[in-house]
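There are two complexes below, and they share subunit A, which is joined by subunit B in the first and by subunit C in the second.
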Partner chain A sequence: MNGYNFAYLDEQTKRMIRRGLLKAVAIPGYQVPFGGREMPMPYGWGTGGMQLTASILGEDDVLKVIDQGADDTTNAVSIRAFFERVAGVETTTDTAAADVIQTRHRIPETPLSAGQVLVFQVPIPEPLRFIEPSEEETRVMHALEEYGVMHVKLYEDIARHGHIATTYAYPVKVDGRYVTDPSPIPKFDNPKLHMSDALMLFGAGREKRLYAIPPHTRVESLDFEDHPFEIQAWDAPCAMCGARDSFLDEVITDDAGGRMFVCSDTDYCQKCREEVA
Partner chain B sequence: MMRWPAFSDPVHDGQRHFRRVLAAMAEPGTLHVAAAPAVPEDAAIGPALWATLLSLCDLDTRLWIAPGLEAGGLTGALSFHTGCRLTAAPEDADFALVTPGTLAEPAPLFAEGSDAYPDRSTTLLVVLEALAEGDAWRLAGHGIPDTRGLDLGEAGPLMTRLAANRARFPRGLDAILTCGERLAAMPRSTRIEANVADIRQEECPCTSQ
Partner chain C sequence: MKRPQLERPALLEARDVTRLYGPGKGCEAIDFTLHAGEVLGIVGESGSGKSTLLRTLCGMEAPDAGRVLYHGHEGELDLYAIGEARRRALLRMEWGLVHQNPRDGLRLGVSAGANVGERLMALGQRHYGQLRAAGQDWMGRVELDPGRIDDAPQHFSGGMQQRLQIARTLVTRPRLVFMDEPTGGLDVSVQARLLDTLRTLVRELGLSVVLVTHDLAVARLLADRLLVMRRGRVVESGLTDQILDDPQHAYTQLLVSSVLTP
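On to the complex of A and B.
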C-alpha cells in the first residue's frame, strides 16, 4: 500500500461519503448525491460500491467480494485484490466470517447477521428512470411520493405477458415511503431485504448516488392484490450440492442442448457439499 | 498554553469512530462507547462528541455552536484539527452543537432540507446530562425490531422537536446524542413517544440543566 492512503481514497473524500451515508441511513431508500471520485477502473465495474467500501472499511475488517454470487469471477477477484493491496485487510469467501461484503447483483444465501455490512454495486439507482428520463422530474416524483407510474409499468407486464415479467431490479418500497431500486439482484433476493439483521448500503459511481436500507426495516416488493409478488422457483435442486432453497444459474454443458442448474452463490454451494460429505 | 488533544491515529481512529456513529444511526437508541480522545481543555463536551466532531468535520462543513458550548479550547482545537468553518446562522449549519435546552422555544431555525433534497439538513450533536437504557422515551421505526427505550435526563425541548420530525418526513433533523463517553443516535425517521409516568417525574426539577 506504498504511496496510497489507507483504502485508496483520501480522508476528505471518505468524510464526505461518510456524512452522506449517515443521511442515507436516516432517510431509508432516499438517494443522496455525493461527489463521486474517479477510481482506477471504468464505470460499470463497481466504482460506487468500491467508494463506499473504501469509506467504511477498517484495518480489522474482514472483506468478502462477490459477483453474481460467486467469489471467483473477474470482478470479485479484482476488487478483493485491490483492497488487499491498498488497505492490507484480510479477505475471505466465507459469508459468515466477513464483516463487510461488497456485492454485484446478489445477496448471499447464508442469512446475514447483526453487525455485518452489505455494500451493493448499483448501475442505475433511480427506479423511475426508465419511465421518466429527467432527474429533475424524478426528484419531484419522489418528493411528492408520486409512484403510480411504477404500478403502471408492472401492469403493462401483466397485460403483455399475463404475469409480472420483471425478474431483477424489482422495485421495492422502503419503510413505507421511498420506492427504491434494490440494484439488479434477482427478485428471488428481494425478501432478504425485509427486516434484515445487517446494514445494506448502495453505491452508484457513475450516477454519484448512495442510499441505504438499515437493519430491521420494512421492505415491500411492489405488486397487486390479484398478482402478488412471487420469487423464482426451479423444478430441480442444484446439480452440484442438491440445495433446493438457493438461486440457480443455468450452465450450458455442451453444444447438444445439455444444461445443468447450479447455485449462483459459490460459498453456499461449497458449504452444502461439505455438509453432505 | 491550551491543550488540543485529538485522535492519536487520525485515519484509523476516525474510521472506527465513524463506524460507531453509523451503527448508532442504523439502529437508533443503541448505546456505543468512545473512550478516547481526551477533550480540549475546559471544553463542555465529552470524548464521544469530540470524536464525532473530529471524524465528520472538515473544510467542507459548517458548524453552529450553541452559546455557552464554545467554552475553553474547543473552537481553537476544532480549527486546528479539522479546519471546519463556524457559522452564526443556524440555517446554514451542517452540524450544530447543542444541549436539549437550545431547542427550547424560540429555538434556532436549523436547516431541515427540502422534500426533493431532504439530505440538506442540519445534524444535531447533542450534549446530554444523562444517556442510558431506560423507559423515559420509547423509540420505534427503522433499525428497531420492536421498541427501544432511552433515559436522557432532562431533554424535553429536544425530544419535542425530534418527535415533530415524523410529521415533516422526509424533511427533518437527525440527532447524535452524547453524554461523556456514550453515544446514541436518533434519525428523523424514528418515532418517539414519552413515557407518561416519566414526564410527571421530569416536571419536578430534580436534575439541573
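On to the complex of A and C.
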C-alpha cells in the first residue's frame, strides 16, 4: 500500500520495539518500557499488541488474529484487515498454519509449536497495581521480590467466597522470579503458559510496557498450600462439537432462559466438527 | 515497675544522627543506645523533631550525617550503608512500625484477617488455614472480637483500627518496634485500655520499643527511659521516673508542669 511503511510503523520504531523485546526475552516476566506510538485506533483496542505484531512481522509470515478465542469478532476482524492492508501478509484462521498469532484474552486450544509467536494485548501490565497505585513503588517491589501482597488478594478471595474466585488475569510467577499478569486470559489457559514451545510476547499500548515469556520457561500460578490452583471445569461438553477439553462460553439462545455452552476457540470448534463429520 | 537491665546488649544505636530540613527544623546530633528489651520514649512538643528522628531510625529517611547501627542476628549493621533490599527486608522481618494514624498502616479495603496475615505472607507463609488461625489468635490477643476477622477495617472504630494495626505489626514477632503516637487521636478511656494491652504485649513478648509521643502519661506508663527533645536536640535523657519526677532542664520542667490533671 502506498504511503505507508510495511506493517504501518516506521523502521526506527520497529527497531526500538525489537530492542525492547530482546530485553524482555532475556529477563522473563520483566516489564520493559517502550516508546509507544499512536496507532489508528483507540487505546484498549489492542494498540500494544499491534505494535509488537508490526515490529516482528515479516513479509512471508502468516498472521492469525483472535479475540476471546474467536476469529470472527470485531477486534479480530479489524486488526486482521489492518495488517492485510498495510503489510499485505497472508492471514489465516488455522492455528497450526500461523506464524504470528495476535490474541485478546485467550490462548488457542490447539497446542502451539516451536517457531510460533503469540502476541497478547494487555490492558494493565502491572499485577501489583490493584494494591499499590504508585509505579515507583511497584518497581521497587519487583526489584526486591516483595510479593507478599499478591497473596493478600488470594486470601481475600478465599475469605469471601470459600475458594480462589479470581478467574482471569490470574497472577503467575515467571521463571521463579517476576510476578506477572498474564493479561486477562481465563485461568483455564494459565497451564498453557508453562513450558510452552512457542514464544509469548505481551504488549500494553496505554501503559507502554512490553514483556515476554520465552519458550520452555517455568510459569507457576500463585496459590495456597491448602487451596491449590485449579482451572475451570464444565459439566457438559461443547454443544456444537462435543469437545470436553476446551474453554466454553455460555451463550444465551432465547428470552426463556435457554442457553448453551460452546467452545470459545472457533477454529478449534470447527476442526473438531470436521473430524466428527 | 521493673527497672530495665541496662547491661543488656545494645540493639539500636544512633551515632550523631542529623537530619535537617532547615536550621532548627528536624533533628540534630542525636546520640543514644537502645538495649534489648527496653522501651525508649522520645517526648517533646510538636515540631521538636521527634517524628523526623523516628523516620530516620526506622530506615525511611536517610540522615544528613551520623549513623544508625542495628545489632541483629547477623551482627552489627549500619542501616544506611547496607542496600535498600536488606533495609526493607529488615523492616519486614525483624522490625515493626506502628503509625499514629492506623489508616497509614492498614489496608482498609481488605479484611482484618488479610491485614494480620500480610506480613506472614510476605515471609513466605502459604497455608490459608494457618494464616487464618494466626489472624484469629492475634485479634484475640489485642482484644478484638475474632468473629470479625472477615470485616474490613474501614468499618472498625478508631481504637479497634489501632489494635488491628498493632496485631498486624506484632504477628511476625519483631525484635524492635517503632511506635509513633500509638494512642494519638483516641479518647481517654479507649486510650487507657489500649495502653494496657500494649504494656502487656511489650512485657510478654520482651519487645524493644522506640516510642514517640507528646503525651507524658503515655510515656510514664510504657517507657523505661526517656529522651526529651526540643528544637531538634535532646535536652535531657534518663530514667522515666527520674525525668518526670525530678526534671533538671528548664524545658522539661515546663513540659512536666504543663500536664493537665483533672
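What we mean here is this: the second predicted complex is superposed on the first by the 277 of 277 C-alpha atoms of A that agree within 3 Å, B and C clash if a C-alpha of one lies under 4 Å from a C-alpha of the other, contacts with A are read in each partner's own complex, and residues count from 1 in each chain.
Here is the rule we go by: contacts are C-beta pairs under 8 Å (C-beta built on N, C-alpha and C of every residue); 3 or more make two chains touch, one makes a residue touch a chain.
Since the structure is predicted, the reported quantities are computational estimates derived from the model, not experimental observations.
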Clash or fit, subunit B versus subunit C on superposed subunit A: fit
Once the structures are superposed on A, label A:226 by its partner contacts, choosing first (subunit B), second (subunit C), both or neither. second
When the two structures are overlaid on chain A, which partner does A:26 contact: first (subunit B), second (subunit C), both, or neither? first
Please indicate which partner A:140 is in contact with in the superposed arrangement: first for subunit B, second for subunit C, both, or neither. both
Touch check for A:152: first (subunit B), second (subunit C), both, or neither? second
Name the chain, either subunit B or subunit C, that contacts more residues of subunit A. B
By the touch definition at the top of the document, which applies to A:15: first (subunit B), second (subunit C), both, or neither? first
After fitting on chain A, the minimum C-alpha spacing between subunit B and subunit C in angstrom comes out at 10
Once the two structures are superposed, pull the subunit A residues common to the subunit B and subunit C interfaces. 140, 143-144
Subunit A residues touching subunit C - in the complex, by the definition given at the top: 131, 140, 143-144, 146-149, 151-153, 155-156, 158-160, 223-227
Touching subunit A in the complex, subunit B uses residues 10-12, 14-16, 18-19, 21-23, 25-27, 55-61, 94, 114-119, 121, 123, 141-145, 169-170, 174, 187-189
For the complex, give me every residue of subunit C touching subunit A. 84-85, 88-89, 92, 107, 110-111, 113-114, 117-119, 121-123, 126-129, 131-132, 149-150
Under the stated contact criterion, what part of subunit A meets subunit B in this complex? 5-6, 11-12, 14-16, 18-28, 30, 32-33, 56-59, 115, 139-140, 142-144, 175, 177-178, 195, 199, 212, 214-218
